[in-house]
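The structure follows.
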Amino acid sequence: MSRASNFPPPFSARDYVAEPTDPADERIEVGVLIVGAGPAGLACAIRLGQLLEESPETAEKLGDVPVAVLEKGKQPGSHLLSGAVVNPRALQRLFRNRVRMDELPSYGQVPGESVYVLTRRAALPIPPPPPMQNHGNWIFSLSQLGRFLGEQAEAGGAMILPETSAEQLLVSHGRVLGVRTGDKGRNREGGELGNFEPGSDLVAKVTVLAEGTQGHLTGVALDRFDLRGSDPQVWELAVKEVWKVAKPLDRVIHTMGWPLRTGKKFREFGGSFIYPMGDDMVTIGLVVGLDYRDASLSVHDLLQELKTHPKIKKILAGGERVEWGAKTIPSGGFHALPQRLHAPGLLLCGDGVGMVNVPRLKGIHYAIESGRLAAEAAFRALQRGETPSSALSSYDDAVRDSFIWSDLHEVRNMRQVFGRGFFVGGALASAMTISKGRVELGKMPAEPDADQPLLVTDRDKSYPAPDGKLTFDKLSSVFASGNKTRDDQPNHIRIERRVPLEVAQLWAHMCPAQVYEVGQADDDGTVLVELAPSNCVQCGAITAKGGRLTPPEGGSGPEYSVS
Amino acid sequence: MRIAVCVKHVPEGHGHIDPTSKRLDRSGEGALNHFDANAVEEALRLKGDSDTEVVVVSLGPQKALDSLRKALAMGADRAVLVSDDAAAGSDLVATSRLLAAALEKESLDLVLFGQQASDADGAVLWAAVAERLARPVVSQAMELAVDDGSVRVKRQTEFGYDTLEAPLPAVVAVSDAINEPRYPSLKGIMGAKKKPQDVLSLAELGVDAGEAGEAGSRTTVLALGDPPARGDARKIEDDGNAAQAIVDFLAEKRLV
Amino acid sequence: MATLVFLEHHAGELQKGSLGVLAKAATLGDVSAVVTGEGARALAAEAGRFGATKVWVCEDAEVAQPLPQPRIDVLAQVVADGGYDTVLFANSVLAADVAAGLAARLDAGLNWDLADLEIRDGEVIGKRPALQDSVYADVGWTSTPRLALFRAGSFDATPAGGGEPEVVDVSPTYAPHSTAVKLVAQDAEESSGPSIEDADVIVAGGRGLGAPDNFTLAEELAKALGGAVGATRAVVDAGWYPYSAQIGQTGKTVSPKLYVALGISGAIQHKVGMQSSGTIVAINKDANAPIFDFSDLGVVGDVHAIVPKLTELIRQRRGS
């Protein structure tokens, strides 16, 4: 049977590494350049603001713009999506206990929680397994938290540059000098429209990549500087909705089981989350590992199916959907982390390098902590006026000494364990948690998601027909993400367009935004894959499953506000 | 030459009306009204490399500064925001009064407006402002040229194309067909914050609170409801006569 | 309510839109009209047939050109002389500028984009759609005179069977700025058909047309109806039709009197660009296509079988 990885995309990381080309006086110089206004990038900017305020001499060395944050979305938060239940420790550390948790835009502490194993009709409660206990944690909309952190970063002196994509890594003599931003105003064929605006070379003393899952330049940097970890990274795809509801939900809910299949051959790992957001809103999402094998599997449609479960229907009764979105989550854990998190002139943070604790479904506080530590390492190097290769290695040391490392180490084999089938995996996972990782099962093999052999079932026949009230089709969901991407621009997705039918079907079902469609069949049994790139919400699933996402024109994509 | 461009900060995404105030909920994210971007672009084209000053003017809440900064990032020189709690809920009469007061403080050769505001769908503001300024006004401009103390405009009407001329100072509203607004360059975005941005209260503007907001308005929203159903919607299957059925339907509605 | 209606005319005929407003006003009570420009006097009788009991006429040189500002001076004079408390306009490029300028001149409230007007408990209430026709608002005025601008085509122009109106000449003093604009040249509409933005009729094609060549079906029908051709994002993406014809969220927003959708499924991205069209006719072979949820006439069938016949029938009807 086919594997998506047999049809690699026309993509080379080398194309995205270059020397600066703008004349020296046209390059834009900043002190520290941060790519990505997410929790990691903004935590870095906030911490730098604090350190520079205490150290004006260092601030002076950084010029007119000491800290700049690039964001490819319309504004901070537009591309941020998560559950989210957040462990407060990193936020408290970041704000040095000067900002109280209730001053942050949260939906309060977790009021209570339940875990269910679902079947088609029933919901069997089980005691929350230790990794899923959320007492003391806070419920946030990551998009809203991003906007708040953006305001804090700006108040601390950072300059946020939205609608700006970072397209190339500027490297000279083995050192990262900054990034080249993307062009704007090109048409579908790549030609220049009347208002064409070329990108710029943005150079900085230190560049921090905090691009989130499937970070474009992060992937390029991992290749260029040979930083990849021992295991290949693997991902899960989360599709979620935010609903206005008639009845308040009084607890955080996680489910396992239906509608995912438990047979080992399907390799369907995942579950759902349903979180209250105040009294009148609820967020519901389904997370599925992208190492699944059935080409007919569609996470979006499984989410629609999930909502028809009697217990869940009751939660949403009388409500209306207000937002939809999708994003991948890196799930390779400890063994997939890069060997080093720095290179000359470069620091890497957050989801981009896989700092996610999958059994606990947590990554935001690691992102914030890594951003904070990156700021401190960058500051130390700048203070001493040095940026040779070794100056930034203190960042790696700091991360290894932090709770990021110890937490991820504790759960290091848990994700892969579930690849062995739900029931076996569940028992092993519990054994590992209860023993705090001391039950060593050796390293489980981890293959890239795109290497999974495909099978084709008729799973898609049981997806519910969208009724526009409880269940929705993909196109109206893309609309509900706020996506208004300009159509007449170059295609930002790299895939092999002539593939066997099952690979095309894999992509068509996989993509929550209906970017891929099975086109005309050829005599040799292959089909053409048709694309509608302006639907793309940049979740990153395609990169996991055989293609490659690159950033489109700045400002494109979703405009999440409560995701 | 000094050109003012009147712009509006409008709610992003799907608009919601607040059922209590019956006004558009402006608490969420906002952006520069995209029709106003055409007007800013036209002003910048007229400016070119000369020392013409382009001033963007707006009436709105404090966060309207975000949209003004976008215009500054595109290349405008200065921003003026009239912002006062007492001005919230201003209708055409009150808004035009406040804008005219702000514009009168500048000595302007040209005032530009965009085609309409995406939130109120109103295509009327410029005529009211021009009347208060006692200046000639031309609307729906699809081509604009300034020459020797007058402005020449080509516009499209229901019947064809008119070419008009008016002496400066004048007010012109541009249609969205006039140009393709430029993207702000990175340098432009970074430089925008340093450009002058004045925020004026009603008192600083010299306008009494009773002439602004709801107090200064002459219209009001009384109630909100669902739109009437689309009449009797019909759905038929083609049995070979669909074409005739369509013609009959159109004839009934006097569309053919 | 003492009502005045602003009537527009072109090529010797009163415009249907403003006659419709006059006819509606006549149902609410006594109504006068004002006609400006060359040949205004000759049109007074017609205004009477549609319900005006008094017609103010201005044929000054200052209003010879179809420009708004001198008309503000005329209307301000008429409102004062006639004691009107309500002035109604049918939307047009000219009328919108006159109404808004008059609002500023008189400090009078203007409600625009109205679809209807009613008198309830002695109060005058306007009805207007908002937020792309998803809500309906009742709007009012807090003072007089009340100014109202109605959406094009809100009312049918049916003669009220009125008799000869009283005709009064009006010749105001014109403010200096009112006569500063000069019309230098006029060019008639290009014969290639109306643009999408202005068209009264749009025939739009989607993927259900099957192949790019089949867009001729839409083009022929559009020509027969005197309309413009539109396209969905899907077919523009596929290169079947140019982006300038794209209707929808990331294309153009239109509200013609008639929208004919051929082979269009009706995804929301398309819907938001055309949902406030007056009448929507959809032809699609998928009975479950979402477009049937918001069309006035939905036809489940094959566009290739139906459209050529439809085009021929329309040609015959209009030819005769």
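Points worth noting:
By letter and in written order, the chains are A, B and C; residue numbering begins at 1 in each of them.
Note that in this section contacts are C-beta pairs under 8 Å (C-beta built on N, C-alpha and C of every residue); 3 or more make two chains touch, one makes a residue touch a chain.
All values derive from a computational prediction rather than experimental measurement.
A summary of chain positions shows that the Cα centroid lying nearest the centre of all protein Cα atoms is that of chain B. The chain pair with the larger count of C-beta pairs in contact, out of A-B and A-C, is A-B. Averaged Cα coordinates give chain B a centre that lies 20 Å from the centre of chain C. Work out the mean CA point of chain A and of chain B, and you get 38 Å between them. Separating the centre of chain A from that of chain C, both taken as means of CA atoms, is a distance of 49 Å. Residue ranges of chain C in contact with chain A, taken from their complex: 233-234, 236-238, 243, 246, 249-251, 267-269, 290.
Residues of chain C touching chain B in their complex: 10, 66-69, 72, 92-94, 96-105, 107-113, 125, 129-131, 133-143, 149, 156, 175-178, 180-190, 195, 197-198, 201, 225, 257-258, 279, 281, 283, 287, 292, 294-302, 305-307, 309-310, 312-314, 317-318. Interface of chain A with chain B (complex): residues 28, 65, 68, 74-75, 159, 161, 164, 181, 184-185, 193-195, 197, 199-200, 202, 482, 559, 561.
Chain contact summary for the complex, chain A toward chain C: residues 468, 475-476, 478-479, 484-488, 530, 532, 534.
Taken together, the chain B residues at the contact with chain A in this complex read 12-13, 28-29, 31, 179-187, 189-190, 193.
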